[in-house]
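Each in structure tokens, the structures are laid out below.
First chain A sits with chain B, and in the next complex the same chain sits with chain C.
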Partner chain A sequence: MSSRKKNILKVIILGDSGVGKTSLMHRYVSDKFSQQYKATIGADFLTKEVTMDGDKVATMQVWDTAGQERFQSLGVAFYRGADCCVLVYDVTNAKSFENIKSWRDEFLVHANVSSPDSFPFVILGNKLDVEESKKVVSNRAAQDMAKSLGNIPLFLTSAKGSINVDTAFEEIARNALQQSQADADAFEDDFNDAINIQLDGEPSSCNC
Partner chain B sequence: MVSDRYSVLVNDHEFLGESVLDEKSVLYFREDERLTLKSQNISSAMVQDSLDGLVALGKSKDGFVKHALRRPVWLKILKSRLSIDANNVSESEKGLSEFVTHKDEHQVSLDVKRSFGDIKDDVAKSFLRQALEQTITKVLRRFPQLNYYQGYHDVVAVFVLVFMHTHKADEEAELSDSTSGTPSTDGSDYHETLSSSSISTKLADDSVLFIDSDQLFESVMIFTLLYLRDFMMSSLAFTIDQLVLIPLIVKDKDPRFYRTFQLNEIDPFFALSSVLTLFSHDLRPQSNESLSIVFQIFDLVISSNSMMVPLTVYSNLLLAKKDDLLTRLKDNLDNFENDTDLIHGVIQQEMIVGSSVQLWNEVLETTRIANSSSFPNAKKTVNKYSVLLTASHVPTTIDQALSWLAKETRLNEMRSSLESVNNKAKTPSPAISRWRLIARSAGPNLIKMSLFIGVAAILMKLYLRSLEGHQVYPQIALKSYLDQLKSLKFSGLNQSRRIWLDPLKNLLKNIGRPSRS
Partner chain C sequence: MGVRPTTTNASPTQREMYQKSNTSSPSLVGSLMKTLKSSNSTRRQSAGENAEGSTYEASQRPHRFLARSSSQNSLPLHHGRGVSHIHMSPLRKSSSGNSNTQKDRQQHSHSQKRDKYFTDLDEDWSAVIDDYNTPIPMTANGGIELKPPVSVGSKKEHVDSRSPSAGYPSLPQLNKTQSSGLKSQYEQENERELQELNSLMHRVAKFDEILHPSNATRINLSELRRLSWNGIPMIHRPRVWRLLIGYAPANIKRQNTLLQRKRQEYRDGVELVFSKEHTRDIPTWHQIEIDIPRTNPLIPLYQFPLVQQSMQRILYLWAIRHPASGYVQGINDLVTPFFQTFLTEYLQAGQKDDVGNISPDTYLTYEQLVEVEADSFWCLTKLLEQITDNYIHGQPGILKQVKNLGQLVKRIDSDLHEHFVHENVEFIQFAFRWMNCLLMREFSMSMVIRMWDTYLSETSLESTSSAAAEGSSMTVASDTSLQSSPVGAFREVSSSTNLQGKHSAVLTSHQTSLSEFHVFVCAAFLVKFSDQLINMDFQETITFLQNPPTKSWSESDIELLLSEAYIWQSLYKDATSHWR
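The block that comes next holds the complex of A and B.
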């Protein structure tokens, strides 16, 4: 078993095709927006160093995925070890909003996470910059759904207009860090139990 | 070459490559002469109607050199592989199918909207997008059994760029979009005839873009049916079967690298976008670069009639970048959550982005020399009707191609339903999913293995029984064992008809006893 020496926060972005997953990732990681992003095939990732609560440093690894359904079978390979899952819909696309729940379920089925009930998700309603008349998902409906799925944090964002993206990813990073620590603690508990049996309760010297 | 500074000036003669003159003019002239000569050879092979000549030229350095040549040559070679009987689809049928929308058209339009992003001229961009969407939609409506995949649009976009040509309104002669900058000096240049199916658009400077949409459609249709079927099933299973060949090719050539780079350990999903799009996703082809690698890869696939080409190119690229990959692997050991992420990440960072044109040319040269049209292991890994195996039955007919497609579709459905049964039975643990993947990638082998185990069990049982009778003298036991084996071939003859109740038990009932002789 390889122990992680660096603090890696693995974040997966899921959602229907064309909702802006790639744009959100690029806006967050390099603060850029381009009309030239092509459809994602398989999975791509970018990394960004993050500092939380003033002193905690970690590397956030954002994995961007393909939106077309046929690529979901690859999920098993890409979701493994995720610390947070970002579910994205497009505020001008009702179908993409309705599919949020199935993206979450799909993630839980394939990611093989230790405790599905407490695994952190964050929902992003993207393309907030478009004119009001084109928006079909109301804030109310979005809040209701986020609540019904277990009080998932919800952010309305615009990768193009750079609205709320940093705030959302700060929350994502916090959630991911928490999850990553919880996993590490659980692992350490198991590990310590094993040691306790052998060494008859000798206190662990590792306080890292 | 991948860089941000592309300025695609489809409305300008400048893109013919004159800028190259300033810097490396000596090299340029030598290369120019070579390309001119090759263009002449291709043209005369066209005029002489020499398919073998064309195929040989396509397989050699620089491929078919320029789009003006690619258009007629690709079409000619593809049509020689798959004959389209115009009467095959009746007019009424054709007309009907064109109005029935395909289930994936929404996805197509989403992906088309994000295509040709590098083209600066808005009129040209929307013209290209329109041609792209029309072509894909027409193929899907004609063959509704095909499933569209993200990446198919990248492949078709390459054809759109090749079949597009520019034409100055005040010029009589057609503008050649070669890189050579010396259009029409080669006297034997093959001249295209424009059919009535041309679509065109006028740009701000009065130059006109043309695409012969019938020729474009025909080429894309044949290419799809011959080479992309595996990717257009309802699931990715047959695509993954192809990907699995990459580690095997690498293993053949460099077992040590194969092990150090853990290619035996992880799923080769890292190659997915490259293989699905024949590198057109990652290499972002430019209309003004006829010699860019991606067009040459298509030249090679078409002339060698083999979808082993992308797999071999990918493997050769891995091997060419071996040292860089291993260095980056070492540097990043702590930076990833698990080995799959590590390998995927290292390859993503190193392979496509970090590969120079020179390296790409070397990789293509290696691929050309090795004549990679077949790989013995392919038979064990892919399905019987895979594009990797049916290519040897070319030239063929559209009916035959459609029958392969139907058979593949059925096999794929069978596999999908098998998997969903497995999935229902148990939520996959990583170990099980890995096993399933192995099973998927080595289907026929697995059947062979279970047969082997079955036969071994019978033999073992016989052997144990013969031991029972002759515990003291093992040699005798062995002899009686052999006797029993001999009697095995007559067993079953005297069996009751209800052998199916427990065939094995019945089979062993008599012959398993110590020999009575």
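The block that comes next holds the complex of A and C.
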């Protein structure tokens, strides 16, 4: 189990509808951009082979989720087992920025992660390519929020202009790998603990 | 046609009709044949070029046998090979007469040719055979058995005189001795094209008969449903859909009045909801606004601002009128088959296929567009009434359907189910969208529209007719509430009074019918790929199912899928009774 887990990094992308989650995923995985994506229903799935630190090879499984609130009830089916969660907002949409915190909370509630405090998130402020006058979320505000949520790494990106997407996903991959290994270690510990309990405790006996 | 030995069940009337149409309107047949031929030659070339496409075709082939044989009643091209289910009623009826569009006809005759030639060949036929200019399959197979069902002498001559080789630019000129083998090939093609055309005309006549009963004031809905299950000719589709879904009443005399009233009700609703008195629901508005440009982005029709405004009105009004559900992504997909189908009513026969490319303002007035809009709105409303549970909070309808799908696949294909369990593939991971968008994301629009002929026929008759009957009283009710007017009163409050309670009970039984059948369609769809899926790991499975290879699906593939779903449903009726 642990060896298999080491090779697969599960990443989940969350954020309001229309912030560019699907576009970011496609930009990262296939370096393409299209104006013609349909709204994601349920979740879309893509994979990419990643190499980190020169020698560590892993497969990143990216789940791109639907942004509409109504679909949140099925989040649990997709959140489980995630190694990193990417929170996306649109720099031209203040509401999507305000919702970042609730997306994080939503994830923590449903994903059932072992240690919520250390679980890795990455925030992406997308649509950086649009003209300045349309941007409503300041970099300052974004940094403040990222800090307040526990020093979450923040990247300003553009899927359309291919700005910062690879850099961001490298960070995501690194975080995911770390989390995956931490989880695997925790699993080992649990496993050993379990054995210890059996060895240390009284042998269970039947009273009949 | 009906004269081949295998087609003993073609009725005398049917035969008469074929003959009649042959003799009485040669010019029509001739000109249609021409069109068919010239486009066929284009298709051939492209089929030869598209190696990828033909490989896929090859893997689909066994299914075609079933598909074709299931429709052998009106298209007696095949010996019923391995068909144990032709006694089942929806399958007995022709599933091919509906291909009334030029394009569909091409596809149809295309696939029929393939089937015809290779019905008796081994399963491992080569995809190269897509090139119909090669006479090899005929001789390789002994040829004789595959000789055309030549029967009506006069028709044969008629065809010969109208088959100039000019229609086949890619064919070499052949001398007499060479051509004797090939001549029958031409004849076969002509025969088939005629058969198809006749079958289509017969179908069109059948629908005409039902829609314009000579001695009744009501349309026989159960007959219409039975016939529509196998596909509706495009010229009848708008009218038939309005009837099947319970929007237009079966009572012919009341039809116009009711439709006019409903269209007015829609206009009033739009006016009210878009008026200053109405406070805009910003989140809903925003969600619809960002989804509209993403609705069928590859179909030009949905990029015209005029059409996008229509969509916005339909979806926003629906959302405001149904607060328990509100707008949910995917509903934008569901309105488009209606919209597109109702638009075809205003297009000339030759243009109907192009509905996806032409801006509506080139062929209809704004008032007419609003009527199309109104009809789309009401039909969407009727459709969503049947699957309300899919879109309310928590989407319990979808979760239940996904669960049922899992249980069903466990019974139908336990190996595949076991494999999924082993690979940690969960049904929700791929089937959620299948339920939320009624498989619309998996198929091209023309395939979806064909599928909906069957889906809209799948609602139980009693509930639809009573729903239609109640439709009028509901209209009156909401008319009065409109007069007293605050927006709140305009909303449809669900089942608070006795009458409404009764109404919603009707709808509940309604709901199971369509959503239950849909689960069987999804199961048939999944199991279709079982051979491939069983060898895939988690990642490959999800990737495959996210983008299933349906691009080259033709109507006959869809019809086979629907037939298979019907069979599963018949077989597992008892096992799934608890779904209700």
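The rule we apply is simple: the second predicted complex is superposed on the first by the 186 of 208 C-alpha atoms of A that agree within 3 Å, B and C clash if a C-alpha of one lies under 4 Å from a C-alpha of the other, contacts with A are read in each partner's own complex, and residues count from 1 in each chain.
Simple rule for what comes next: a residue touches a chain if its C-beta (ideal position, glycine included) is under 8 Å from a C-beta of that chain, and two chains touch if they have at least 3 such contacts.
Given the structure is predicted, the values throughout are model-derived calculations rather than measurements.
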Per-residue touch tally on chain A - higher for chain B or for chain C: B
Partner chain(s) touched by A:K10 [first = chain B, second = chain C, both, neither]: first
Contacts of A:A141 with chain B and chain C, given as first, second, both or neither: neither
Partner chain(s) touched by A:G18 [first = chain B, second = chain C, both, neither]: both
First, second, both or neither for A:A77, with chain B first and chain C second: both
Which of chain B and chain C A:A186 touches, first, second, both or neither: neither
Partner chain in contact with A:A94 - chain B first, chain C second, else both or neither: neither
Contacts on chain A seen with chain B and repeated with chain C across the two complexes: 17-18, 35-39, 41-45, 47, 59, 61, 66, 68, 70-71, 73-74, 77-78
List of chain A residues in touch with chain C within their complex: 17-18, 35-39, 41-47, 59, 61, 66, 68, 70-71, 73-74, 77-78
Residues on chain C engaged by chain A in the complex (per definition of touch): 287, 290-291, 294-298, 326, 328-330, 332-333, 391, 393-395, 399, 426, 428-430, 432-433, 436-437, 441, 539, 542-543, 546
Parts of chain B lying in touch with chain A, wherever the complex brings them together: 107, 110-111, 113-115, 117-118, 147, 149-151, 153-154, 234-236, 267, 269-270, 272-273, 276-277, 281, 284, 334-338, 340-341, 344-345, 348, 427-430, 433
Chain B-facing residues of chain A, complex: 4-6, 8, 10, 17-18, 34-45, 47, 59, 61, 66-68, 70-71, 73-74, 76-78, 80-81, 109, 112
